[in-house]
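Below you will find the structure I want to go over with you.
Going in written order, the chains are labelled A, B, C, D and E, and every chain counts its residues from 1.
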Amino acid sequence: MSGIADAIENVTGAWILPIMVGLPLIVAVVLVIARRLSDDVATLVAASTATVTFVLAILASIAAGPYRDGEMVLELDRSWVPALGVGFHFGMDGVSAPLVLLTGLLGVLVCVHSVRVRPASGRARLLVACYLAVVGGALATFTVMDAVLFFIAFELVLVPMWFAIAFWGDDTQPDAPGRPGGEVARRDAANRFILFTAIGSALMLVGLLYVALQTGTTDLGKLADLAGEGLSHDVQVIAACFIVVGLSVKAPAFGVHTWLPPAHTIAPTGGSVLLAGVLLKMGTYGLVRVAVPILPDGFRTVAPFLALFAVLGIVWAGLACFVERDLKRLIALSSVAHMGFVLLGIASMTPQGLQGALFANIAHGLITGLLFLTVGSLKDRHHTADLALIGAGLRDRVPRLGWLLAFGAVAGLGLPGLAGFWGELLAIVGTWQSTGASSSLGTAGRPFAVVAVVGTVIAAVYLLRVLRLVWHGAAADAPQRVVPDATRHEVMVAAPLVVATVALGLLPWLLLDLTGPAVRVLLIVSGGNQ
Amino acid sequence: MIHLAGPVVLAAALAGAGVYGLLARRNAVLVLIGAELLLNAVNVLLVTAGTLPAGGLAALSAGGPARATAGDPLLPGPVLAIVVITIAAAEIGLALAVVLLTFRQRGTSDLTELRELGEGSPTYDEHPDAGELPPPASAPETPPGDDRTPSAAGAVR
Amino acid sequence: MSGAELLFAAFGLLAATAAFLAVGSRHVVHAALWLVVALGSLAGVYLVLGAEIVALVQLLVYVGAVVVLVLFALMMTRAPIGIRDDLFVGKGQRLAAVLAGVAVAGLLGGTLLVAVGDATVDPDTARGQAEPIGRAVFAAWALPFELLSLLLLAALIGAVAVSRGRQK
Amino acid sequence: MTVTAAILTIALPAVAAVCGLLFARSRTAAAEWGIVGALGAVVASAVEAFGVATGGSAASITFLGRVDLGVGTLALDIRTDSLSSSVSLAVAVVAACVQIYSTAYLHGEGTPEAPIRYPAYAATVSLFTAAMMLVVHADDLILLLVGWEGMGICSYLLIGHHSERATARAAAVKAFLVTRAGDLGVMAAVVLLLGSARTTSIRALIAAAEELPASTVTAAALLMLLGVIGKSAQFPLHTWLPDAMEGPTPVSALIHAATMVAAGVFLVARLLPVFFAADGALTIAAIVASITMLGAALAALAQDDLKRLLAYSTISQVAYMLAGVAVAQDAGEAAPGVFHLLTHAGFKALLFLVAGCCIHLVNSNLMSRMGGMGRTQPALMVLLGLGLAALAGIPPFSGFWSKEAVLTAAEHAAVEGDGGLVAWIVLVSGVLTALVTGVYSGRAFSLVAFGDPAPSEDGHETEVHRLPRAMMWPLWVLAVPTVGLGLVLLSPPDILHGVHVSWLTAFTGTLVSLAGVGWSLTVTRIGGKDVADALPPGVRAFLRDGYRLDDVQDALVVRPYRALARLAHAGDQEVVDFYPRGSVTVARWAGLKLRRLQAGMANGYVAWVVLGAVAAGLAGVVLS
Amino acid sequence: MNYASGLDTVQSVDWRLLAPVLGPVVAVAAILVLDAIGPERPGFRRLHDVLAVLGLVGAGAGVLLLVADGTTASTLCVPGGGLELPSCSYLVSPLTLTLQGLVIAGALVCLLLAVDGRAAIDRAPHHVLMLVAVTGALSLAGARDLITIVVAFETASLPAIALVALRRDAPGAQGAFTLLLTAVGSLGLLLMGMALLVLSTGSVHLDRIVAALATDPNLPQLSGPVRAVAALGAVLILAGVGFKMSAVPFHLWTPDTYAGAPLPIAAFLSVVSKTAGLAALVVLLPVGLPGLAGVWAPVIGVVAALTVTFGNLVAMRQTVAVRLLAWSTVAQAGWVLLPLSAARPGTPSAVRAATAASVGYLVAYAAASLAAFSVVVIVGRRHPAAEEHSIEAYRGLARREPVASAVLAFALACLAGLPPGIVGLMAKVVVFRPIVGATSWWLAGIAAVNVVFGLVYYVRWGALLFSPASGRALTWRVSVGEGLALGASGAACVALSVWPQAVAGLLPTVLR
């Protein structure tokens, strides 16, 4: 392995990251400009670009080489705005490598999916350009090592996703019961998405600037090495409040999550996959990269509240899913629950907690990506995502889609042996460990762990309800009985996610060896308890 | 020997009257009278400043009758007063031209009737003639309404 | 109460009352005429304060030109002659106007009175002569006066352009 | 060699499942994959058993690699010892029989109302076998949990096989959720142990059982016990097993007789030293076992559906196994319980498959419709007789030896050991259960074999059915252990060394069960009412509905949960979403009101300018 | 006693430093002479446009020359009044040159837009008025004594009033009168403020006022009440200049005048006269009265917070394009003023940082606003409702007019602070930095909320461009002037996005 890593390193040098990030963005712009390009050619171009990006991501993670000592590699630093000390500083370590791979993979799957499955309202060229822009923005967020650039990359994904929801969203579905469907719902869902995220990133900017001003540098690497010693306690607490609130809007913590269900329900299939698989991760990645290492004391005081909202999210969203009628809204709410585990793991500030959080991050990306692809296909066939209207007996009517949905649901409820389990287990172990004086959760750690354990059952309850309503049951009493099963193309798109979920479930060390050393470096630096 | 309180009170009175004039009058021209009074209040203060020693009130408050120390040779007070008067003249010239224009266009100079541009005013009309889009590009670009477009120029509006 | 103080009080009082009448009168032309009286008495005030040239300019420009223009404007906008009660805005805004006036006067007067206290000043009439002002203008204030000329030019051209009808 | 065989027992069925699902084109191909997988497992477990028996010591190898958790490294290893090899052999045999049996039992698919599901069925059974093998061979609690829950999901899929029936769908969900609730205990135990003992490797835990802090060990043991109660359908989490009869009968034979329900007892046996170190755990297990044992037996008495009778009988027999393990005097010997587990796997699987044949013949579960089989199906009735005899514990069948072993262990603990009051309770309830078991086995036999055949409407009763060979052969295979497993005591593998049967308890036990069987067989002969009919109708209904625990569960858990969910969903819509929506409306309203200020009058605007200036002036003077 | 004894020579003038101011004046003279003697032929009238543009380009060249040699020099000075360096009326410093550059660029674009417009039919007066206004703004940037400042300020705003009135119809008249009355009222307040300053400090030159109001103990301190008079003066100055910045509560004229004015003049008001306003504010307060920063900084903070919130809230309700831009300029004025509140400690570094941020944001705002106005002007000229066309006219424009709608979308992204409008994003970062540095959390909170309020209407308008067009979308042939203006402002936005150092790194040296 290290042979290949050195080969890649000296071939491309540290330029591999900027190329990987720049390629999708540039192609997206080209696709928007090329007005004469037909939809077929455009989607093929996009699919090939996404594939090249994914290959680059793989090469970069290999080149990032042995993750044993967990420090930053493939660094490139070019100054851009000297007045603010802002520079193009790219880097990759154990924490960002898996997320880059996940983004690359989902990017490929979404673009390949859109080659065959075209949006109802046409203009696939622009939609695919939006997807590429979102992938580019997310890759930038995961590899950039400068606070202001992180803020810019954070906001880079807003406009393309806004257009994806507003112009290609599903217009049959009111975003909330009793509200008009169509253009109004699409526009409202898109606005809700962009406004929530904008206020979040604005607050985060305030926090980041406060840290940058107090320490004099905006470089995340240097700030992590400082580990908060240049900052007094209450400076850290104020900055941590701003940053954590800002970021928890993006990884929807309970309370600020109401933008997620409408956005997911209305977004087109590819949009929902990217929204759930990539965008939610930017919030939690931000917490792990910015909040935990740079403001250890500050984050330690904020952690109990973050944990409280995380746990509340797990239980509340789980309960809400039980009576939710729309399948896409249900999966969106389940994302809130899953991200609750991630936030809980981060709040515990223990190595297991953080590893659990990062693992659950990737697992959620794969599983929810699969679920959204499947439900998207179902919605394309039934023109609705309402459980009652889809009708029972999917396992007989559309066996392939049925099995994908069943697999997704089972993986979603955190069955041991599939990827979802390890994240949740380690997060709970981390929270349980996070007791005692120097820990971040203090006395609140243990009760939260207990509630989280109960939370895993809640997930089973609502997912099995879904299977019982749609997957099981006699095909006879489904309103639209004759519906075409998943095409070979759709199965090929979903297959990598299934394989990845099983692989990570059975062989967790594939991911844990990557994140382990990096997490320990982050926590040793910030003095988190073992 | 003049107590400075005199000019101060005078200036304050003039300013008060000026402000009242500005806000209470309905006729456009009378409103301008209020403005003139406000500027005259400023002139009184400036002329008084002219009578003070070089450091202004700061120097004065250092005690002793004013005449002993010499004034600032640049005489900023009176020069600024003269400048103010000239500016006032220029303003009133243009102001009356605008008032006459309003009168010619709307036939009145009463401010309570001249308020159709304000979004909150009762006579505000959001889209006066949100006419249909122009016919396709082939037709010459001559939007409706005669008094606005000089046909002579023929150039694009 | 020296002689100058008495003279200043007289002119000041005249100016103040004339100002209030100019602003408050219900007769349009009377308002303009009271304005003339106010500005004239202010010229007297400036004389007492030793700013001779300023008084002259005040008489020439203000009383001579500005007020005449105002009268012309009143005539040309066919302002109503005689006692009219439609010269003032509605009750609410008039009350606000009074309050604003009193507030401005109070704020200015109060702050300055506190700062001035009972200081007295003996205005040196020689300081306001034409010769020192002229010398000061040419030695220190060249740029403002050049700009002033530009401003007057612009005002002139603007007034002419605005009042001239559409050029055919 | 033995450990590689162990890995094969897991790998072969798993591979068969995947291939069956992906590549099987036709029904028969899927069936073949299933059978190949099962037979492979049998061979592999036989090799493993032989290896262990010929002196191979307990060995373990890494299976899914090592995971560095920061708190300690997690070794996902596989281990084999006599306990795991014997149980895996039993499981493999039963699984093979079930695979073969199912090929014939699940016929008639392909019609619109019975769509082709056999490939999925066969694959799921293979997957289930792999999961059970993983549980049996796991040397790490988390790996065990993976197999544990794997079984849970397979049982969900299999119970829900006939998913067109509403009751089947409900039973599947109920089964999974109740067992999942139980599994919370195991997961919590894992979290606890990872926290304090920094490892979940079973070997390490057993070795360090003494040194661990008492509170952690007790808590972990009790939590694991909760998992056991859930998985092995002990009181109060047993309500899912009777409903699980909605699944096809071979499934019940495999999952709800031989393997899954026994996994709980297996776990206690595997971690006995830990349970021993936890002072309260075993006593609680014993008490729960004795309550379940008697209660389930009585409930079985009142059933008139053959499969539900066997289900309640399984609950009672598993309680027997748990009692056998719970009364162990020292950390070494869980033998009686394990021995009963092995024998029970044999005869209960046989009984279920026989019941399957009966249902296949009259296609109804009710025993009242199965009367008079003695004449039409003599061979079947012999097998039924053998099974019921083993169940009742009539010598010389295997059931007798293992039940007496448990009773002897209980008596030994009560009399010599320091088992105290709990051992006595176990002994007494053991004997009573033996009596009741005898009664309901006899009743079942008399109803099915001797009862008068009910007039079937479509009159096809006349021509004699010939059961397909694929369904008969497995029965004979299973009859062998039912009859002869007792012989194994002659040269027992080391796991069964602790088994010894004292003559006194053997005699009393046999006497009691013979009395029970005799009474229920003869009472109808001599004109008395059937045993169940003798019970007052109210009591019978109460017992038949399993003490109405379902209504209790519905009232305590299901209804409040749904209400809470509706509250949360409404809350999400109104309360949490109120603030963003509210702020937007406030902003729009403010925008409208502020726009009103533009009144259009020029001197109105100057008023605002002056007002602003005055306010700023005041602030300026104050601040100076 | 001859008071004028020391002043016997006429003031010396260094013409090189005054070059930028003289550019437009020469052009004015040329245009007037040409108009007087030139024949009536239309081709001939194009010459006026060329002359006006040449005037501005000349001024631009002057600025570039001064930037090249980079020294800070002053002219029109007065023999020292007891201070080490003579007080001067005109100073050329990085601040001056930056503001002058911005004024010239803005005026050039507005002129190009206005050239084909209806108001510029009679060329001479229109161009003269615009050039005089530009001269006023340029001299204001360099003025360093109160008299020059007030005259320059008036020279910048009076012609604007006339320009608005050039539309010669009822809305134009009412818009002009509203602006006029607000300007006169504000002039009264500004002069009152200056009078109080002259009274309390006795001098008119800013460096002498700075010395008089210095806060460091070893210089003679002003007594309490006199300092109160100076403070009142400072705040009245802020109120007097507030109307030009369209800061709340002095902003009420903005929507009416923008709706009443011809569209290019609205652009002129929104960019050039706002720059002049900021120039006056920066010269008078941060440069003139750093000692009183404790007084005017909090007041500016409150005004800025009110302005940004007020502007955004009402802008959300607008449907008429030019009114939406009017309220958007009010909101953006709030953003420009926000960093000035961080000058509270009055130390040279704090004041420099605050002013640099404020001017930096103005540069970003100017580019984006000009681009937006260019497109609105182009559409306004082709739409029957002319000045009052609603944003519905832009529905589906992208399909028929991709270039113009791309520029408008990019400009709106910059104004909203959303990528791809990187310059807008960087400008928001530049504004947040001093506020967070001064740890005024309530201001940071309000600013963060206003980022969101701003998004609402910019995104709504941007989305209209790309949503499917219901009826026939507009399409047109762009004239030379409009094309140049659109191209220049669009290119400026993109250039600043690629190189935000121009926005973030302004005024590195001490403020003078």
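Please note the rule applied: a contact is a pair of C-beta atoms (placed from the backbone, for glycine too) under 8 Å apart; a residue touches a chain by one contact, two chains touch by 3 or more.
Worth saying up front: this structure is predicted, and the values here are computed from it rather than measured.
Just to note, of D-E and B-D, the chains joined by more C-beta pairs in contact are D-E. Chain A has the Cα centre that lies closest to the mean of all protein Cα atoms in view. Centroid to centroid, with C-alpha atoms defining each point, chain A and chain D lie 37 Å apart. Work out the mean CA point of chain A and of chain E, and you get 44 Å between them.
Each chain gets a centre from the mean of its Cα atoms; for chain B and chain C, those two points are 13 Å apart. Centroid to centroid, with C-alpha atoms defining each point, chain A and chain B lie 59 Å apart. Across the assembly, chain E contributes 1, 3-4, 7, 78, 121, 147, 151, 154, 158, 161-162, 165, 168, 174, 176-178, 180-181, 185, 192, 196, 199-200, 226, 228-229, 232, 255-256, 456 as residues in contact with two or more other chains. The residues of chain C that reach two or more other chains are 89, 93, 96-97, 100, 104, 107-108, 111-112, 115, 117, 124, 127, 132, 136, 139-141, 144, 148, 151, 154-155, 158-160, 162, 166, listed in rising order.
In chain B, 15, 18-19, 22-23, 25, 28, 31-32, 45, 48, 52, 57, 61, 71, 73-75, 77, 79, 83, 87, 90-91, 94, 97-99, 101, 111-112, 114-119, 147, 150 are the positions where the chain touches two or more neighbouring chains simultaneously. Of all possible chain pairs, those that touch are A-D, A-E, B-C, B-D, B-E, C-D, C-E, D-E.
Within the complex formed with chain D, the residues of chain E that make contact are 174, 177-178, 180-182, 185-186, 189, 227-228, 230-232, 234-236, 238-240, 242-243, 248-250, 252-253, 255-256, 292, 294-296, 298-299, 302-303, 310, 313-317, 453, 456. Those residues of chain D that touch chain B in the complex are listed here as 595-603, 606-607, 610. Considering their complex, residues 64-71, 112-113, 115, 117, 142, 145-150, 153, 156, 160, 163-164, 168-170, 172-173, 176-177, 180-181, 184, 187-188, 190-192, 194-195, 561-562, 564-569, 571-573, 576-577, 580 of chain D touch chain A.
Against chain E, the residues of chain D that register as touching in their complex are 587-588, 590-592, 594-595, 597-598, 600, 602-606, 608-613, 616-617, 619-621, 623-624. Across the interface of their complex, chain E is touched by residues 15, 18, 22, 28, 31-32, 35, 38-39, 41-42, 45-46, 48-49, 52-59, 61, 70-77, 79-80, 83-84, 87, 90-91, 94-95, 97-99, 101-102, 105-106, 114-119, 126-134, 136-137, 141, 143-144, 147-150, 153, 155-157 of chain B.
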